[in-house]
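Each of the two complexes below includes chain A, the first together with chain B, the second together with chain C.
Presenting the complex of A and B:
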């Protein structure tokens, strides 16, 4: 098949997909876009096209910011700084080097992208510290511009000569249409990102970072990519809008611009793709009516619009901080009840040869003066379920974390399939085939069961990056489909395929544990580490959990269960290892261990398996 | 039928005649835009806007501006540029859309706005910023200024201080205003480097400048010329006087800003001796014209209280200096409209080069094709504070001829 015909096929397929997902919201968005596009030609009283174009550029920056504030949960206060970097890069290239506007604006976006990557270290921080760090960035960029008038043009700003835009005279109307078109394109990209792997993983990282990382989601890479994307779009908006303004003025990029953009995102609603743009439009509308209103009320407020916006924000936050658009959509859209879906039985992988898959040698880990694990030895075979038991504080969870790569060992090594993986981090080990379920956080509360499991596909994605997903390439769409199928199979394996669409909050505790198990299975592990699966489970639930573990083992996965519930241990474990003071002191079948006088006296007291 | 046609034609002619008559007799509006930093520098913004409003109010009271058979009422449209060039561009676009015949501004963003205004033939008048590059009669034919220039002030200081054999410490803050002034001062003193003890840049907005003032004192400076924002000048006075250094301090017009006296209200003696340069408030004709203007200004808006009192308890008020400049510009503008016989902005801008009008202080204000600065360097005088009010100095030939202006109520 020629490239041309292949492209045609893919386009047809994309059109079919788009048509199948077309909804009333899509019609509403398209209608709003068309109405907005004709506004400059209506000569409405009191409406200025240059102000509209400025608002559209702010909406462009805010739409991209929505990705990191919404799914990412990172309240960035640095978008104004990225706009400033884009604006002054573009401005300097146009004013001093005579560049055309389009490449200069792209250079502005590239400069902002680099700045975003350089400041990306903040993504590891907690949201409050992200806000503080990016706020400092906004101040630093602004103070830099003020301190170097040779760059910024000083109090009079950097004067830009008139330029054409896309071959047309760059009038405010042309700027507005370009800004609107770009905003629509970025909104489509953000929509695709939110629906795709990046949005899902960002959301998972926001809700439970440790759980997401344990499923192989790469925290820094995902968040950094989102921050850089947002920075680049803000830089593009800055690089283009500065030409509209005819002057690059440091005062136009003070830290309060960043604050205003974040307020717009929160006001409009970060949970909806178009929420931030709605927020910006709302702030613009407030600015439009606040002047006459202030005069009417004879209020001596110079920044009446800011006061009204602040009041509105307080109301939004007081009502849960959801934002106006998601709130409105809740009344427009009726939530679709999740339906039970039948699925074919998952294809089981043939159990591999009963050879060792995981080996731990002489693992040691101390926390200060407390030695948690010392001389830990373990060997796991394919298709085997081993249970690690021991009294509280014996080092079971620490051993599990060492094997999973959540913490580095002080000494010793770990081999997977004969390869040394000691230096690999948690996400790398998931990709290599060591998955872990966590003791406390069992699922992502805001996602459905299926979405939870989809997070576990992170290490198996190859076309789930920001660019491919944002552009909705055929490969990315195919992979998304394949991931959904694999996730569904994993859910079926634990017996939850019929509640795939159910929100996690509607599931029982044991169902959530099974969802976590399915998410771990979705990573396609060779070794599965299960921490306290049965904590608090009733007898019926215990049986369900045990069956799930057995089905997993039947797929040839080596399972290591850390468990206090001895009934489950007895039910699933081929081999039981007893841990004392960080080292294995007894090993054998459940009956053998139960009969061991050493175990009974030293660790189990009078309890019997 | 014929009679009916004649009757209808007569009615139509009558109606047309009435319409024409009413058009010529009912006054039209002529928009004057005022773009000032209400947010950022409210005192300057207020005094400039009030100067324009006072002039337009007086003119409208006299029937407005008459061009041929048509009369025009002047309508002031205020904008707030937030001290931001970008906002000034936006305000200029709004003003042009509103059909403004001129834009009166403090000077914010003029580098960016003059071309926009020129495209529609609209003039821009600066009534505060004395920056050197802002006004150029050839390159920026639509930009005019009635305000003392930085260049003029710097050279007047050079010719005033150098003969006194003082070793001058040239201090400037790192604000845009400070940087621009420092450049002009450096040029003015460049021919006499032996009179300069040191050049020092001060951080704008920092309340404690003790270290910098100590350095200036150690340099052997016997006078300080401080070019900066009012808070910088207040901080310099505080630092110098608090260590007992009675060095004479000279400043640009910002030295007269009420902020400094408010800051030092607890130490009125620290203000004594502070000297500033500005455009003269009175002309050869005496105090009459300015006093008259000040009375009208205060009758309309009330006096501008400084917020401090003299030693005998009298309230100190600020003379409306920058209000005077914007007031004067409106009168020059009206003279230009009359001269042009048109309210078309391009014609009015062109006519601004050919007219003069009597200013509020009695001086003739006007421009020509080669000079768009309405305050000439020779009109710059020096005044010195004593007991929270200022008087022209007596050791400068021009200043010594000027009478003091009443500043207490």
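Presenting the complex of A and C:
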């Protein structure tokens, strides 16, 4: 079969799928798009087409901003700055170098993208620092434009000659239709991103960053890509809209523009793809009403633009910050009951030969003056379950974090399958095959059980990037499907396939533990590190957990459990390692270890009763 | 050499004010983990309230500067600044902090910033105002300038720099030595622990949030008569303070203050220093430091205080 016919098959399947998913909100969106498209031809009183076109460009920028604010939880206060960068790059190329508008606008988008990448390193820090750095950028760009009249054209601004847009005379109406079309396209892409891997992983990073990273999600890459995407779209919007005004005026891009866009996103609702666009339209409507009102009352109401935006925002936040569209949609769309899916029993991989898979040599870690782990040696074989026990403070969790790569060791090394992985970070090690469940924060509260497990597919995704997902390429769609199947299998392995669609918050504590285990399994590990799985578990729960661990081992995974619950240890462990003061002091079967005097000493001290 | 002296002294005066804003940003971050985007504007609100009580909305005025009215204006300005700060914290920061919503307090404090800017702009509609001088600096030296080692320096610069340093040392002393200061440091170290040993955490944070505004406002007022002021003045001071605080990653108060001083001197140097006929000039003085710190935190995000924790 040729690639072409394969694509055709894929497209047909996509069409069928789309038709089956064609919901009331899709019809509503299409209707709104058609209505919006004819507005400039209606010559409504008081509505200027250039203002409409400008609003449509703002909606374009806001739609992309919605991705990082909604799923990403990264509040950007600099979208206006990216628009300004796009606008003045494009404006200078058109006015000084005589470029046509389209390539100039694309160059503007590229410049904004670079600015986004350069300032986006802060995504490694707390989300608040995205706000800090974009806030600085917003002021920097504006101050720069004011301080350098040679770039910004000074007091009268940068004057732009009339140009054509897509082969047409660039009238405000053409600008409006182009902006509307681009907004629709970007909204489709954002919709695909929200439903696909990037949206899921951004959302996981927002809810519990450490858990997401422990499942192999690349925090920096995901967040930076999303930030750069929104910057580039803002740059494109700026690069095109600048020609509309015929003059690039620095004061049109003061930091308030950035704030207004964030307000629009929150007002319309960042949780819905079209929320930001609705928010921009609402702010535009308010502007439409306040103009005549100001004239009527003879008040300088334009000056209160900022105050109105601020008040609206406070109002929205006071009502939970959900925004208008998601709030309205709750009344349109009833929650679908989650459907059970039949699934074949998970294929069991034959337990591999019992060769060593993981080796740790001479690991040492000190926190300040406290030596947590020192001279730690460990060898794990495929298909075995080892348990690491020891009194509080003996360094169990630290040893696990060292093996998982959450913290770097001061000395010593770790080998996986004979290859040195000491230098690899946490997310890289998950991709290599070392997964870990965390002691606390076992699940992402806003996701369903299946989505939780899907996050664990992060290291096995190869076509789940921003570009492929945004364009909904056949490969990305296939992978999304395959990921869902694999996640479902992982859930089935721990016996939770019946509650796949249930929201995490409705699950019991023990079900959440199993979800965490399934998510770790979904990463397809060779080595699974399990931290305090049974903390606070009752006897029934213990049995379920033990069964799950055994089924995982049967797949040939080497399992290392850190456990206080000695019943679970006796139940699952082939081998028990006793840790004391950061080093292993005894090793053997559960019975042997229990009888060992070293162990009794480790737990109870020398002076035994 | 003469220009260097001039740069250092005027730089220290401007930097002292930045430094106090940096101390405020840093202290608030350490106490609450938030960055107050309205900090500069809250101080601006206090400064313009003082101006309003002192001289109304006329563009230039020396009337009332020497009278007791100045004291009244100062007190009213401080009260407004502190009250607005406390309200911001209680109404727009604390609720979102307790809910764990970053977007809430970011958008909330930014909203306060823009609302204050709009309000100042609506009352004071001219592009700039001259703040009446309560102290007779123009009688010192020649029209307010004194000669130091051949350099001409504004007499006010010594006063502003000295006052800022005194305020910074005073703040450090307060945090280090007094009971209330130690309570605040306990809150910054471990909020739950502080609550447990009986520190009224919410009250302490609210007072600190508002109090750093008052300290910064005194410095801003001292510097205000030196140049024209407008609605952007407070915002920009808050921004420079944030830049300085970021440069030392929200470090301890005296380090943040020192960063502010350095920022002031660097700005003055960029604006004034010629190096072999080559000069950057005043256009660069504001944007270069911001760009530098922006790239610094992006390309070298530190470990520790700013990082997400497991």
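Here are a few things to note about the model shown:
One rule holds for everything that comes next: the second predicted complex is superposed on the first by the 577 of 609 C-alpha atoms of A that agree within 3 Å, B and C clash if a C-alpha of one lies under 4 Å from a C-alpha of the other, contacts with A are read in each partner's own complex, and residues count from 1 in each chain.
Rule of thumb we're sticking to: contacts are C-beta pairs under 8 Å (C-beta built on N, C-alpha and C of every residue); 3 or more make two chains touch, one makes a residue touch a chain.
If you're wondering where the values come from, they're calculated on a predicted model, not measured in any experiment.
After alignment on the shared chain A, the placement of chain B and chain C results in a clash.
Once the two complexes are laid over each other on the shared chain, residue contacts for A:98 go to neither chain B nor chain C. In the superposition on chain A, no contact is made by A:393 with either chain B or chain C. Touch criterion met: A:125 reaches chain C, while chain B stays clear of it. The partner of chain A that touches more of its residues, comparing chain B with chain C, is C.
Residue contacts after overlaying the shared chain place A:157 against chain B, while chain C stays out of touching range.
In the superposition on chain A, contact of A:538 is made with neither chain B nor chain C. Of the two partner chains placed by superposition, only chain B is touched by A:251; chain C is not. Judged by the touch definition given at the top, the superposed model places A:147 against both chain B and chain C. By the touch criterion stated above, A:259 is placed in contact with chain C alone, chain B being left untouched. Chain B is struck by only one stretch of chain C after the chain A overlay, and of the options 1-9, 55-63 or 235-243 that stretch is 55-63.
For the contact definition in use here, the residues of chain A common to its chain B contact set and its chain C contact set are 147, 303.
Note for the complex: chain A touches chain B at residues 48, 50-51, 54, 147, 149, 153-157, 159, 245-247, 249, 251-252, 302-303.
Contact residues of chain A toward chain C in the complex are 69, 73, 75, 77, 118-122, 124-129, 131-133, 135-137, 139-140, 143-144, 147-148, 209-210, 256, 259, 262-263, 266, 300, 303-307, 309-311, 313-314, 317, 321, 406, 438. The residues of chain B lying in touch with chain A in their complex are 38-39, 80, 82-87, 89-90, 93-94, 97, 108-112, 115-116, 131, 174, 176-177, 179-180.
Partner chain A is touched in their complex by these residues of chain C: 33-35, 37, 92, 96, 101-104, 106-108, 110-112, 114-115, 117-119, 121-122, 236, 239, 242-243, 246, 282-284, 286-287, 290-291, 293-295, 297-301, 306-310.
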